[in-house]
């Protein structure tokens, strides 16, 4: 088999999705494109359980989608950022470019800010908007965003969740939780190509989009809103040229998600990520996320005692797997992305390669221990394929 | 044959370019991607004749690339926009979202602002930055940007050219002309997929990028600059996930451009666009660009006397060609994009289809007249393929 | 646009068909393959109007399919070959390798053997089997096979029609005409990739397949018959490895044929071939097929007075069209294939390129005359797209 | 990851090979095709170590290539078939359709006919031609064909080796061994798509091709010989339409083989097949090939005590691996193909899936044992990737 991407995005992409973009004559006004756009918008609503919400697909990715929420902010607004890591901090970096006031809550590395701590802050002071991170891609820490949002939604105007590594891998109930803005990107657990930032907005959030927001032009949702509405109804409309082929692929990804069923998809992510962590732990390695309830379905950080993470990654590529580098300064680690179309077989080769590579790089590993743990985990947890 | 896109982008894309993006396991840290990124950056420098310039590839397209020049502007800066149409006006719309002062020069519809008029303005007042449009995509009007920039470059700090519909179709000599920023996008005359904004910046422009610019975060060249430098040297670096597959395709497009030769490429665009206009004019139709020296190699607006442009476009799709709608309010017209990989055969089918469609929709057309004009134009101008 | 194949097969293939073969994990026992095989078998029956017939898809192409009818012959059988050209003669070349008696009827070059002449022969002597050629690919001559078969079917046991350049371009009513075996190949007017020989056999023909036929092993329909029956019912069965990807593509081609409608498909071929011949004739060139009623929907031979056919073909490739060489010794000519997915736009570029190429090679051509003839032909004959 | 084919052909194919066939305008006279054909012919010579031999690529596959050696036989010739299983018997089935005398040597199931036994036969009687099977695909038994051929080559006129499951996975030294005809197919260890039969012939073999052979027409090497010679020199030539896209893909496969190096390729196959067998045996299962020296690099038959092979195959598909059914009547088994582009990761998932599937179907399996054996085998044998 070819090299496999156990990366945090792009991940290994199914050929049907890639080939859906091999269209040499589809322009942004073509019926085929408009249909794909409409399909994708509807898919966004379904996958976030947000029937009444307005979906957006904008160029870029997670970061452009995050920045686009400046369309809801006005000069001087107070924003609270709940940051569990590098991508939580990105909210601060983005918002500090604008004339709004930003405050940040942070946990110890490898943990998350508890819902009660957020509540404490929102009770003390009124924030127009508070941001959360469903799964912090830098550490793999999952935050109980449903619980947190429910706690504070009456204190603040708008709750925003960065679901970049959440959508498609974790259960999302945006509407029921009261999340006003749920954000993601095409290349993560949806398993498509990068190039599109994704959002769903509650009606309250849509109403806050205004001409006198602090937003710029290209990432201003005011400019994209009529395009979204028109496209969903099957009518081409232009603001700026969308990434046509990326969206053709995204529509195929949503079709594949529908075929699998969103619930089955989350279960599959849970099974595979559990199997990988079982393998990791049975090798005696530590996971960056420090509390089991914060283990995510999409990303696992692996701490190393002896081996150099860079060398682990290079040797693993030689063995046919590409992992993602660690980016959080508090840990010596690399990251395993287990998102998109991962299966138990990906868990097996991940642990199989790591056993040999880590052993050769000086970690104390007994070959086969990790793999047996994977098998036993699957044996005990896989009930979705009754044989 | 399948439907052909005679559109303003995406255009009909060669299969080798599309297939270059069919990679299921190339992440943003993969060697294959870094190589493609590096190839594309080098290609940008070559195609703009700008050896000493810094190239950028950022997510989005023409508009995101335009907005990214806010990275060079500070609060209160004076900017002069030379606008020949809808996309010239876009500069104003973008810049008005920021705390800079914008003034606009405009010509009569179908014309362009003469270099002397710009000179007059830049002599009267000091502008930090002045923007031009190489080819105004909304009307097909080409501006003599080389001449204009040379005239004013000593009056202003930074000259910016929107070459969205220029790069790949028109001769560009950014360095010699003294253009500080030349902007384009992947899906136009480069003939690749949409999703990437392209820029080259002179050293002077690069030095103006600063932390205290008015720019936001995602489109802030300050954030992308180290990525460009690292990628060109073959080392993966991350700021935000790039559109990996779009860039794999872009690299293939640049390879194909190199194989053709940039000069040959411009000549081909000139030949095909000339043949199409010969056909259009021999049918008795008027071209939106009002002076022959402003005819562009990439876009031609076609005015209609009787027929409804929307109906022309719909009927043409049935006949296998998709044109672009007109977007300039001053004209009743549609647009022919003749960019990317167009050949004489595209000119033949464009005119052949229009003859029949326009006749059926009430224009006075004698079948075969336009086609004869195409053939004669080619006979008189095609010396690049000596037989 | 890219180079276009106006060839006699492979022809220009639609991307959806090519991409249907991009499957990296479909083996000959995979469900996906069995389904595609089944779809193709059903498609064969539909396109030949032969509801009660047994379809076969065997490796190879027209020639392997032709040779497979030895499965119906026994030592000493008399066979009559009605040959209108090179591919009619191929029947003789094939059958002479076997212990059967072959006689051949031939017309003047550019003509076909009249049904009455065949009737005369079958009345004089009993033939086990008589072969016809629907469209003789070497000359483009179409034979009235329906009429001919009806005349002789009671005199002979088995009637065989080589429909290699017929299926998909001409009306076929195998059952009503009394054709016992209708043969074709995947890469002709079905517009798919080469690699598959196609047949439908009447029950009478199937019953004649026997262990003691003169046939060899690989092309012995006795070996393939159980595979066809099993595959059609959705059950994998093996005799020899089939060209899996070729058949995945063929199934897509049949899907596309169904979407278009067989009748519409024949009309389109008729329109395009008529337009091309109108252009050819208005340039003053002669067509190889000597009687208008023998003009085929799929192939046109073009005689040249002065120009060297080889040079015409080479120069045309430079201009973006690849034609097929002439292969019949009686003519100085080349062949235009107009099969598969051809449209009026292919007719336009065919004639447009030929005008310029032929003029440059010394034929007396007035540029635009051929193209005007194309346009007028379309104006007068195209009523399938009411506007 | 997607389903993986651990099948006996087609196997899992690399995307670059599949995509090499996505060409919509390459006809059999196109330069691109002629180049690919030429590349493939040269590749055949290299991979068989047969510098002075004439390569052939004919439509079909292993069986059509086998039958084509009738081109070397005349009426009444004596042929000895050394058959180690179903595909050895196929030689008999083929040759019995022709007027030659066939005798067969057979071993016990799971074994091979010893070279000395063959020698005994060829000393007793003169055979024009003797056939061997490098790897018997039905059982996975490898025969020491080099040794056997050397022993008998002076007794017989022509030695033929069926290398269908050998070429690309096993060392082949056709010229040194004195093999006159070495046969294979595109979809086996070359890892390309099915549709092409491959042969190399010694000069002696080529000289035996004659007009009065017993061969038919389509599989008659006399007809293909001038095409091979012309194509290799870069000149299009026609006998019957070749499977153009299959050959474009085959040329890419040969390019990839060259990049890897033939020797490295054989070592990789040896490593992966060894690891798989280590896993199988550590699970307590028996291998169909009964003597370790007959284990092949390409196919392993796995005997089952309790589980139904059909159920194992079905359950394995659910778990993402498709195996091949057993076809030899002497065993209750299924087959693992480990050919083409297989890696250690394929060995891991093969054993991982089998552990769980076999356990669920009643075999006594301790989860993790097979996997540990794979890891230890690799640890002890993999020295081609020094880390």
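The letters A, B, C and D name the chains in turn, as written, and every chain counts its residues from 1.
The working rule: contacts are C-beta pairs under 8 Å (C-beta built on N, C-alpha and C of every residue); 3 or more make two chains touch, one makes a residue touch a chain.
For clarity, every value in this text was computed on a predicted model and none was experimentally measured.
When the interfaces B-D and A-D are ranked by how many C-beta pairs touch across them, A-D comes first.
Of all the chains, the one whose CA centre sits at the greatest distance from that of subunit D is B. If you average the CA atoms of subunit B and of subunit D, the two centres end up 53 Å from each other. Computed centre separation for the pair subunit C/subunit D is 34 angstrom, with centres defined by C-alpha atoms.
Rounded to whole angstrom units, the spacing between the C-alpha centres of subunit A and subunit D is 45. Counting partner chains per residue, subunit B shows two or more touched chains at residues 2, 4, 12, 14-15, 19, 22-24.
Per the touch definition, subunit B reaches subunit D in the complex via residues 15, 19, 22-24. Subunit A makes touch with subunit B in their complex at residues 2-5, 7, 9-15, 18-19, 21-30, 59-64, 67, 70, 93-94, 97-98, 185, 187, 193-195, 215-220, 238, 240-246, 322, 324-325, 327. Listing the residues of subunit A that touch subunit D in their complex gives 1-2, 4, 12, 14-15, 22, 315, 318-321, 341-346, 348-349, 352-353, 355-357, 359-361, 367-368, 371-376, 378-379, 385, 387.
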